[in-house]
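Chain nomenclature is as follows: A, B, C and D, assigned in order of appearance, with residue numbering initiated at 1 for each chain independently.
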Amino acid sequence: MKKNLKARITTNHEIAPGIYEMIILSKELSLEGFPGKFVNLYLEDGKHLLPRPISICEINAKEQVLRLIYAVLGKGTKKLSMMKENQEIHVLGPLGNGFTVEKGTGKNIVIGGGVGVPPLLELVKQLEGATDVYLGFRCNPFLVEDFKKYADNVYLATEDGSEGHKGNVLELLKLQNQEGDMIYSCGPKPMLKAVSEWAKNHNIDAELSLEERMACGIGACLVCTCKAAETGDEDWEYKRVCKDGPVFSRDEVMWE
Amino acid sequence: MKKNLKARITTNHEIAPGIYEMIILSKELSLEGFPGKFVNLYLEDGKHLLPRPISICEINAKEQVLRLIYAVLGKGTKKLSMMKENQEIHVLGPLGNGFTVEKGTGKNIVIGGGVGVPPLLELVKQLEGATDVYLGFRCNPFLVEDFKKYADNVYLATEDGSEGHKGNVLELLKLQNQEGDMIYSCGPKPMLKAVSEWAKNHNIDAELSLEERMACGIGACLVCTCKAAETGDEDWEYKRVCKDGPVFSRDEVMWE
Amino acid sequence: MMRPSLKVNIGGIELENPIMTASGTFGSGKEYGDFVDLNRLGAVVVKGVSSVAWKGNPTPRVAETHGGMLNSVGLQNPGVEEFIKKDIPFLRGYDTKIIVNIAGKTVEEYCAVAERLSKEDVDMIELNISCPNVKEGGVSFGTNRDMAEYVTREVKKYTKQPLIVKLSPNVTDIVEIAKAAVDGGADALSLINTLTGMAIDIHKRKPILANVVGGLSGPAIKPVAVRMVYQVAQAVKVPIIGMGGIMTGEDAVEFMLAGATAVAVGTANFMNPTATTDILEGIEKYMSQYKIKDIKEIQGSLMI
Amino acid sequence: MMRPSLKVNIGGIELENPIMTASGTFGSGKEYGDFVDLNRLGAVVVKGVSSVAWKGNPTPRVAETHGGMLNSVGLQNPGVEEFIKKDIPFLRGYDTKIIVNIAGKTVEEYCAVAERLSKEDVDMIELNISCPNVKEGGVSFGTNRDMAEYVTREVKKYTKQPLIVKLSPNVTDIVEIAKAAVDGGADALSLINTLTGMAIDIHKRKPILANVVGGLSGPAIKPVAVRMVYQVAQAVKVPIIGMGGIMTGEDAVEFMLAGATAVAVGTANFMNPTATTDILEGIEKYMSQYKIKDIKEIQGSLMI
């Protein structure tokens, strides 16, 4: 059940250039949290009315906290980054459908790019099968050590070559001749499109987590749609990223 | 010279029900401060764009602070009251013309009502002549002890009779058969109008401090006008409370 | 003490209270049902419905602006048959009125939806002649006096329920259009729909909305909405449903003082899913503060 | 490195940079001279001037709204003779262009002010056919195609300076009015003036403004202003001065991308007296970030 509440911020600090970690305390949210789901954060400043959707990076039900990792991109995330510990924040969530963890009993390939990396951490923690993780960054990787705790292998790519493979994750994936039964991925659209094609070519099932600008976050306003089609169906329709997604199966998403 | 700056709040707390004292630290403002002048306080929250004009209650040039006393009336003053010590606040000031302290060398009558009381404190401190002060409140008087420090006599009236004379200051003034050479007054319009008439009847010079809704605060936008006429002149014009006032001489103001 | 009455009457239909949802912001209520008790709403006004399914516009469909937002959904909807099958049974499970917002690209399409719904168990029809997000029809009906009257008159022939006409604020003279709709047979008026606006991403040098322009809603537009409600209330006798930036009970009271009989809550839902019932409670608080026993004492009681 | 050029040309007059003040928000610059170096402004657009002194409307003349404000000053001004005597000499002391906003209740009055100013040392005339705060004339010229063309054509006969026509956003079709002004001979267009709005004090049950309605300005209206600048820029060839809620250099860039040649800063001055030069610096920062050497590269460079 979705919650509309005020949660206390216990941590909010920079963990990599422009990347922040926010930990919020809420029993309800920690109980309802699920990998791939997200929360709406509200700025409540009179100027920025719309929520900022941020994925759940980690859940600790025992400590009753959610860990969120976000990039400072525009005015809203800038404001988020200036919020202080012990402040309360208006949160709506968990929202969306999340990944199908049950599909991950075989060999899993998890592919993340940039700010698409954080939502995959809780997933990797919960996946039963063997899991190889591919993480791509422009520069300044983050969360890599966290993934190493739970994954079988973690492969790293940076565009500037500062750490790991110089280039993108797709190249790395091909270099490794990676094999597997199930793919989970989150990241920028071009990356997801490439992952989707690679998965199709290798006949591997895949789940992709998309992003879109949102308003309600719960499926009522229809602003956050993406083009989707039932498998093999040419007659596409606009589906709601916030409610039907953010996680879609490989064949559902129609790329432009 | 007017200043546009950020000042540090050193104190901000309730001193009577719904009445707050805010002390702000600023060398520039404390040097330029003058009785009857005011400052614009900005909320900078994206929702409330217009400044809140608040009079200077006391100036301490040595400690480089201004004391402001304000009532929580609407949304903006509510927000002001929630500002914390050590926070910075955007201030523009000192604004307006202030009282003519030089006229106060004889016997002064100072009359304040409600939130019109605070701006008179620094005036009374600076007046050279003997000064009798009349303060009127609905209930819950404030600043009375401060005035006692500097005035020859302080007369108090409350509408609910909880302290001092039960009724308004005008009655008290008449009861005392108050005499004097110069009147200074600030308070609600009906009170100022009555003071003005009493002054005219007794042929005493008077300066009255008015209030009006403002935008620029510096005389450029013409939203804050009041009807004013040169002495004896029927051909009135709209004068700017923020720049030509807030202090006007008795004969200038045309009452509705 | 007697509980104050919040009942209002629109086109002969009595609503428990004046709180409605603004079309397009509340779906058909299902999603918000997780947060608010739909029984407490005066009426649920559903997302615009057309005779056949409409896909709507490409994304991005939303842009944030100072104190407001732009949307360019473009009336995506599954068509009237889907709506009848899925949403009416759901909403009939609650003790609230159902108002169906209808859309069309031609007068015939509007009439077709109205006729189809006339046989269904819905309480009122809201004719949207003001959506700025569809190229044909839609807004051109709402910005032309004669077209507004004509489309109202035609649709009125096909609907059995009271007909509300929803007006566009993007006009020189809102009173003229309001009178035209009343002349055409409108039983009530809804105003305002969104103001046409635009936002640009200066870094990409591109409009934020794929559709370039969109409809501005939220508190930013409230002063325009209050003004239009006030002007129209002076000129027509039918009830007005006021909307545009209502975020609090105080905002709702402002619209009723200006002349609205009921109010609709739109963008506020996105910031707070319990906005509708919070606003209802705000109105109740205002009424108890001023010892107002019947909400009708507020409506149009502005002193000029 | 060469300093980037911010020069813009309006009606044959070259401005050092695109920053102007919005009429009525900056007086004649005297008061703001305490805070900003007037030499750094592309132009000072002064408060509306009429042939004789106007008293303006009763107070309160201002109301705060969410992200905006309403004003109902009603063009209080001391008349053109006072203006010429006091303000022109003051402004000529600075290296900035002088643009005089003119007001009238009849076409004859507009022409009289224009004619009187044609002999004076001012750089341009801005014809305000869009003020919502005067009952006669004013706004009715700005909301009617034929009247807009007519008053422009007449005033043009009497003025020697380039003529800017300032448009009202309270119209169904801004492009139609813009074209009419250009047909009438406008050398440039200013848009937008304020949107007509209203605010109510729910505790007193009275309108906040003594004049009941007023003009909405500030960031709340920016999306409407950007949209209108964009639409008009597609339709006319004369330069556009964009305004409406510009608070930052980024906002100014947004207007220029939409098609404005210059921008005017209004309500922002009230929140921050150094807004004009802060915005100028914001534009310079944007230009250096994207290595833009000439501001003309920004203007209208939106990619659709």
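A few notes on this one:
Here is the rule we go by: a contact is a pair of C-beta atoms (placed from the backbone, for glycine too) under 8 Å apart; a residue touches a chain by one contact, two chains touch by 3 or more.
These numbers come from a predicted model, not from an experiment.
Chains that touch both chain A and chain C are the following: B, D.
In this assembly, B is the chain whose CA centroid lies farthest from the centroid of chain C.
Each chain gets a centre from the mean of its Cα atoms; for chain B and chain C, those two points are 46 Å apart. For the pair chain A and chain B, the distance between C-alpha centroids works out to 57 Å. Chain D has its Cα centroid 34 Å from the Cα centroid of chain C.
Residue positions 63, 66-68, 219 of chain D are each in touch with at least two other chains.
Of all residues in chain B, those that touch two or more other chains are 46-48.
Chain contact topology: the protein chains form a complete graph, every chain touching every other one.
The touching residues of chain C, counted against chain D in their complex, run 63, 65-68, 70, 143, 170-173, 195-200, 202, 204-207, 212-213, 216, 219-224, 226-227, 230, 245, 247, 250, 253-254, 257-258, 286, 301-304.
Of all the residues in chain A, the ones that touch chain B in their complex are 45-48. Those residues of chain C whose C-beta lies close enough to touch chain B in the complex are 66-67, 219. Remark: chain B residues 1-2, 4, 42, 44, 46-51, 76, 90, 92, 212-226, 237-238, 243 touch chain D in the complex. On the side of chain D, the complex with chain B involves touching residues 24-27, 30-32, 34-35, 47, 55-56, 59-64, 66-69, 71, 73, 76, 218-219, 267, 269-274.
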